[in-house]
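Naming follows writing order (A, B, C and D), and every chain is counted from residue 1.
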Amino acid sequence: DKPFMLIAGPCQLESRDHAMEMSHALVEITRKLGIGLVYKTSFDKANRTSVSTSRGLGMDKSLPILAEVRERFGCPVLTDVHAADQCAPVAEVVDVLQIPAFLCRQTDLLLAAGETGKVVNVKKGQFLAPWDMKNVAAKIASTGNHNVLLCERGASFGYNTLVSDMRSLPIMARTGYPVVFDATHSVQQPGGQGETSGGQREFVPVLARAALAVGVAAVFMETHENPDCAPSDGPNMVALKDLPAQLATMVAIDRIAKANPIF
Amino acid sequence: DKPFMLIAGPCQLESRDHAMEMSHALVEITRKLGIGLVYKTSFDKANRTSVSTSRGLGMDKSLPILAEVRERFGCPVLTDVHAADQCAPVAEVVDVLQIPAFLCRQTDLLLAAGETGKVVNVKKGQFLAPWDMKNVAAKIASTGNHNVLLCERGASFGYNTLVSDMRSLPIMARTGYPVVFDATHSVQQPGGQGETSGGQREFVPVLARAALAVGVAAVFMETHENPDCAPSDGPNMVALKDLPAQLATMVAIDRIAKANPIF
Amino acid sequence: DKPFMLIAGPCQLESRDHAMEMSHALVEITRKLGIGLVYKTSFDKANRTSVSTSRGLGMDKSLPILAEVRERFGCPVLTDVHAADQCAPVAEVVDVLQIPAFLCRQTDLLLAAGETGKVVNVKKGQFLAPWDMKNVAAKIASTGNHNVLLCERGASFGYNTLVSDMRSLPIMARTGYPVVFDATHSVQQPGGQGETSGGQREFVPVLARAALAVGVAAVFMETHENPDCAPSDGPNMVALKDLPAQLATMVAIDRIAKANPIF
Amino acid sequence: DKPFMLIAGPCQLESRDHAMEMSHALVEITRKLGIGLVYKTSFDKANRTSVSTSRGLGMDKSLPILAEVRERFGCPVLTDVHAADQCAPVAEVVDVLQIPAFLCRQTDLLLAAGETGKVVNVKKGQFLAPWDMKNVAAKIASTGNHNVLLCERGASFGYNTLVSDMRSLPIMARTGYPVVFDATHSVQQPGGQGETSGGQREFVPVLARAALAVGVAAVFMETHENPDCAPSDGPNMVALKDLPAQLATMVAIDRIAKANPIF
């Protein structure tokens, strides 16, 4: 029944300066709207379509920057992990460890993330039914850590296309864990541009509004001051300048949904 | 930018008395909420899963009842047609002719419906991409009749399951024709009970809210005073008694979406 | 355990002369290979993507031509029907009535086809699970006519794409009715070219071989002496000149499959 | 144009004795049929549906057993790796490293596998289009290792279901790398039994025949002397006693396909 949290930031951590500018801007935007922010950024794009595209700064250079964002702006920080041995060092710096969708059934990674005691945000695999996320959550919970978020980010629908099934939100909520809707990757067209993934940025607010009308605890939206020049996920990131107006409507819809829960 | 219309009624026309009671109740409910009603009911279920299930009263007995509903309550009436030669007689009584999803590419039926000059509500086939509805609309428009509604009712997603792609709403809206969201048949599980189709009534408000948050001209919701005893589509009809509360939230979401259009 | 039958011909009946040439060529090709031929052609394309594309000669001009093919070459003839009142007149001329996939649940059409006593070949809807075809067959059988063929022609797989699930062949065979594999429409890309459907002719032999290796009673393959100039379904028709070599391998695979049934 | 190789064995490495018995039996069966064998077994099931199910013997206990199979029977051995640091030690023992489907885009794992110089069999992700496997292969090839096998194992088709698209076999073959068809996991019903995945063993020969009729370099079939008691993938493993008859027909189909390539 609380207002939704916004999980936002640029797909890749590009530089210290870029991270400071983006987090500063997002802190301001969300403060004005009265919603919470979790700053999201990735230090390594470990599963890009092609081997020749940029992977990012790497863990060692990135963690101090994430720590600085957190300290400077007081906002929680989220990043994704790709291997079990990354969980402990990353957990020293961030508030939320994120499990990528392709890896949502890798037991060792889930256990290592759970053992840090941090919040774990698991993306639902594009190949997974929403009711099967209860088994994923149970792997994390088996470590004694019940700080689990379950995140919808689209299901495979033919080739190079995802579809967002809004029924998955209440289905995953039956686990008792908060549900997140990732509006950015849900509009991805995986592999759809040959050597990179395509996307449909114009549908981000379409799906974000729909999810909030149904009822979610948080919305995940990647953003960039110049998405068309971003090193990854540009086609599906929202321009920073468009975010305030989109969020304002989302806040209004969320308020109605929270006051009138379906379930 | 106008409030959404509700297209509602019981799946089958069961009897004159039942039609009068249902339409009376729906007129009252929508009047209180300040939204328009189109009364929907079918005289023939022409494509049921099994040959041994009930098809309905038939056209001859049903048309006078539809005419009576319309005259008595002053509300527009909608029913579906299954063959080209039904269009003209049905059009004498109803305001909206509906083309079933399976038949959305049958040229003769679309042309016959168009030629009546009435509003034609075409359900998008479960097998059709939203951008392909422009060709369907063009068939009707080729008769000079531009009173076309395009209706989303779910896309095939594996076997015995549909998924509602909320992106289809703005995609179909690009045609310039009003878009309807059918929240009842979108939660159908086609053939899912062996000899009848199953459904998931609990997800009707989930999908209806999502569609309204995106922005639609009308929502289609079948309803019944006792869905579990209805002769068809019982599993996915909403109980009449639950409708007012569901609609109240939907009206609030619609108001925000209409004041803040995405496109 | 008998060799597969070939159901073949051009998508549309283009002219008397074209029908005579095509049927003559196909009779020769299949005679040499020792397999049976059912000559297929359509008198009306009743559900084309766009209203501005060619529909064909029409029923009245076509039936005498079909009758002539049948008499002249002694081969059974198949054509598709789109409305209940077409069944009786068409049945006077042809051996097999075909129900289009979109119409496979239209009860009146199935009953009218069944009542002719002719063989009825029903295409499985792109939206239908293979186990649900037993209800479709039961509608026809309710007329006392058990001469039913069940035909796989692809299932919806995302937008503008079909996928052929080879498991559907033994699943439909459990009904006891012979199963046909339509290799032509299974490679269709519905609506995939904007105003017409696309196709992938190169995959016709891929899917035809796969289906025969599993075991089917008949294969449906549309063919044309110049597919790229055909008025409909050109992208997925096989060139007549390529047919003999493709069929020769198919015959060899069929022989092994029939000698070693899986079920 | 060479006969297909069989990649076979029990899903999990259960014990040394079991591995010796199974590999011995499979060597005998394939020798009689004149086809090559690659013995497959897993030392760790790293992504099981539920945390409470058996994962296997582990790498340290398993590698000596795999080495013994290889030495004793002279057959190449295949196993799957789940983390980059497993690749080098596993490569000292096995001939083929296998990349699980969920991990087919993890760059570090692909590079580590490629750098061993061993053959790498990559399963196509259930979420991936067949034409996108060229990017996966290119990641491995970037290490200078071109010993790549591309393996079809089903694509997501709605929830809890996979479908095998036979077109993917020639599409992946366009890369120039040999194509493998995994008939076991293609009939898996992911998560379909609540806490374990279901399967449809009866369709293994259906899909294996279909793939061979199209043309593949190898078929992957897990087998067990008592599948219903196997610790994992029991529902989709073929009983060892049924294998010889199934393979005999497969060999006959392969012979025809190899003599008559489609492409």
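As a convention for this text, contacts are C-beta pairs under 8 Å (C-beta built on N, C-alpha and C of every residue); 3 or more make two chains touch, one makes a residue touch a chain.
Computed from a predicted model, the values in this text were never measured in an experiment.
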Chain whose average C-alpha position is farthest from chain C's own: A
Result of counting contacting C-beta pairs for A-D and A-B, higher pair: A-D
Angle, in degrees to the nearest 5, of the Cα rotation that carries chain B onto chain D: 180
Same-residue or different-residue interface between chain B and chain C, half as cut-off: same
Centroid distance [mean C-alpha coordinates] between chain D and chain B, Å: 48
Rounded Å distance, chain A centre to chain D centre (Cα mean): 33
Between chain B and chain A, distance of the C-alpha-averaged centres to the nearest whole Å: 36
Chain D residues counted as touching two or more neighbouring chains: 155, 157, 159, 163
Category of the chain touch graph - line, ring, star, complete, other: complete
Residue ranges of chain A in contact with chain B within the complex: 155, 157, 163-167, 169-170, 187, 200, 202-203, 205-207, 209-214, 248-249, 252-253, 256-257, 260, 262-263
Chain B - residues contacting chain C, complex: 46-51, 55, 82-84, 102-103, 105-108, 110-111, 125-132, 135, 138-139, 142, 155-156, 159-160, 190-191, 195
Chain B residues touching chain D - in the complex, by the definition given at the top: 157-159, 161, 163
